[in-house]
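First chain written, first letter: the chains are A, B and C, and each begins at residue 1.
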Amino acid sequence: MTPPLSFFEIVWLARWPLLYGLGTTVAISALAILGGTVLGTGLGLALTYGNRAMRGIARVYTDVIRGTPVLVLVLASFYILGTVGLDLSAFQAGVLALTLFCASHVGEITRGALQTLHKGQTEAAKAIGLTFGQTFRYVLGPQALRLALPPLINTAAEMVKASTLLSVIGVAELLLRTQEVISRAFHSLEFYLLAGLLYFLVNFAIERLGRYVERRVSLA
Amino acid sequence: MTANLLEIRDLRKSYGPVEVLKGVDCDVRAGEVISIIGSSGSGKTTILRCVNMLEEFEGGTIRIDGEEIGYSTAGGQRKRKAEKEIARQRALTGMAFQQFNLFPHMTALENVTLGLTLVRRMGREEARALGETWLDRVGLLQRKDYYPAKLSGGQQQRVAIARAIAMSPRLMLFDEVTSALDPELVAEVLQVVRSLADDGMTMLLVTHEMRFAYEVSSRVIFMNGGRIGEEGNPREMFAAPKTERLAAFLQSSRFN
Amino acid sequence: MGYTLNFDAVWRNFDNLLWGLGLSLTLAVVAIGIGCALGLILAFGRISRSRLLSVPSGAYVTLFRNLPLLVIVLFSFFALPQLGLRLSKANSFVLALALYSAAYLAEVFRGGLLGLPKGLREAGLAIGLTEGQIRRRLVLPVMLRAVLPALGSTFIGLFKDTSLAAAIAVPELTFEARKINVETFRVIETWIVASGLYIATCAILAALLRRLEARLAVSR
């Protein structure tokens, strides 16, 4: 009989699965944030400057996505895409769901930031003869970005947290890897604490980075 | 000569390194109306706030009817009184603020009755009746169920005065009660203050309304750099200021 | 593809979905109740001048805002028994959601406390109220009215978060939906109805909150 392994010995033995899990978590979050930001910015522009039809479609999209729990989006994406014959992996279906979710948030943030800007800004830009494109590029965009930065960073941290939901559809990100290790080696308390610590560190880093960037671009 | 209702002796107060009151003495007899004037930063408002213990002060004493306010001195040791005791003493004076400070979640009447029920321990009905009497007195009985946000600045200030006076304080403190008001609303508030003065209410008012101070005050105190620069009968003081400072101050602010 | 929509199977199980929805709402209500009490204590702690109170309160908020809810949920159910605290599935979920929400509610309340009109406390002092009376009669009611919109959106968020209880097999709406999905294979119909229920409930809650706000508005 060998003596039972200590927690730290198990962590060492399981270091590669756990690190792959962490890497997967980061990859999921990064892809969702990236895709969500691109899609969401378009959504925000449609919500603010679109014609009636565009605004209507964008509004329905954001309201539906924001009214649905992320886990339901993840499950629906996973099960429905398979049913309609789109052969996506769990990873792809999960990332798609998080991207759609992220886009709805970024869309609202973009709209909020653009609408907060004083009407006088557009008028002043028009008065010196800028086109709409130029107005957006040089006047509105930079100001809106500064306003939107804090909530955007907040959204990024939310996406990291939401990435854990992909464990439910079997994507081997950090949380699922942790559960797998626990199922073989017990120590659930210590391993959940470890996972919690890793998530905390990732999010804390995002938060710090966000504050730093915010200070750098601040006009005050 | 009647005993002093309010007695301030050598009042000293600093904000960090800045000394705002450098030893103020002042006696107020019952029924007196005293206006404190002076440029901003001269310490006028701070005196009122010390009397109501909204500010701590480091030196001197304040007495109302002989009772020491805020601190007790025993065996050379100066100690802040217990919070409950200070709350009771605060209710000896009523205060009206520049920004009215009505409780935004209560109707005009509820604003007036809160102190009556909680501090004066009156029954609901009695408090209500008294509150209505005072709202009537300031001309706002019809507005008793309005929330502050639905009242004009002048109306809010009148409610605030009713709230203070309903507590039957020994002394009323008015802290620039018209400074935050639009010009056309000033008169209705001054009218209320004047009628209280006519009733013999003892009051101490900080004001920028020189004409009003001239008309209602039995005495005027001119604050200058944390000290009393000059004090006396408004007629004499305004007609013939003894100090250069007061002359300059009156010059710059007379009747505007 | 050849998939034709057929809601029969979903309607047959509709009662289960409604019971699940009821449980979701119950979980959210109990959690926000506990979360508010804890959040209020944390908020007063954070604005306290004593570092002994402000530092731990701040640490709690930072920690729980940066942890994924699912990690807290799994920890509460699987790891707490190791510390001798064995709760039922529903109770352990409520505990997790309450601890999580307290961090967000603390921020909401702190904002409310810092945004109180400056003269409110002084006006109370001036008529002779004690600190305790001022807190109960003035600070709390004015603050709660001011934060009501934020409180409402937090509650709607928590309601959506109850979907995570499905991960530990609490039979709330998402769990019931997944069960129907797996048992009947009416995948698309199931998720349309489930997310429809979430969206409708969120919309109804939002409308109720708007009415409540209008009734309690300080500016009547």
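Just so it is clear, a contact is a pair of C-beta atoms (placed from the backbone, for glycine too) under 8 Å apart; a residue touches a chain by one contact, two chains touch by 3 or more.
Remember, predicted model here, so these are calculated numbers, not experimental data.
Peer 1: Ignoring subunit C, split the rest of the assembly into groups that are still joined by touch.
Peer 2: A | B
Peer 1: Taking each chain's centre as the average of its Cα atoms, which is closest to the average over all protein Cα atoms shown?
Peer 2: C
Peer 1: Chain pair with the most contact pairs?
Peer 2: A-C
Peer 1: Quick check: how many Å separate the C-alpha centres of subunit B and subunit C?
Peer 2: Here subunit B and subunit C have centroids separated by 46 Å.
Peer 1: Measuring from the mean C-alpha position of subunit A to the mean C-alpha position of subunit C, what distance in angstrom results?
Peer 2: Computed from C-alpha means, the inter-chain centre distance equals 21 Å.
Peer 1: Please tell me the distance, in whole Å, between the geometric centres of subunit A and subunit B computed from their C-alpha atoms.
Peer 2: The separation of the two C-alpha centroids amounts to 56 Å.
Peer 1: Quick check on the complex: what are the subunit A residues that touch subunit C?
Peer 2: Those residues of subunit A that touch subunit C are 63-64, 67-73, 75-76, 79-80, 82-85, 157, 160-165, 167-168, 175, 179, 182, 188-189, 192-193, 195-196, 199-200, 203-204, 207.
Peer 1: Subunit B touches which residues of subunit C in the complex?
Peer 2: 117-120, 122-131, 133, 137-138, 141-142, 145, 218-220
Peer 1: Over in the complex, which subunit B residues touch subunit C? Could you list them?
Peer 2: 52-54, 83-84, 87-88, 90-91, 93-95, 97, 99-105, 114-115, 118-119, 147, 149-150, 160, 163-164, 167
Peer 1: Touching subunit A in the complex: which residues of subunit C?
Peer 2: 1, 3, 62-63, 66-72, 74-75, 78-79, 82-83, 160-164, 166-167, 174, 177-178, 181, 185, 187-188, 191, 194-195, 198-199, 202-203
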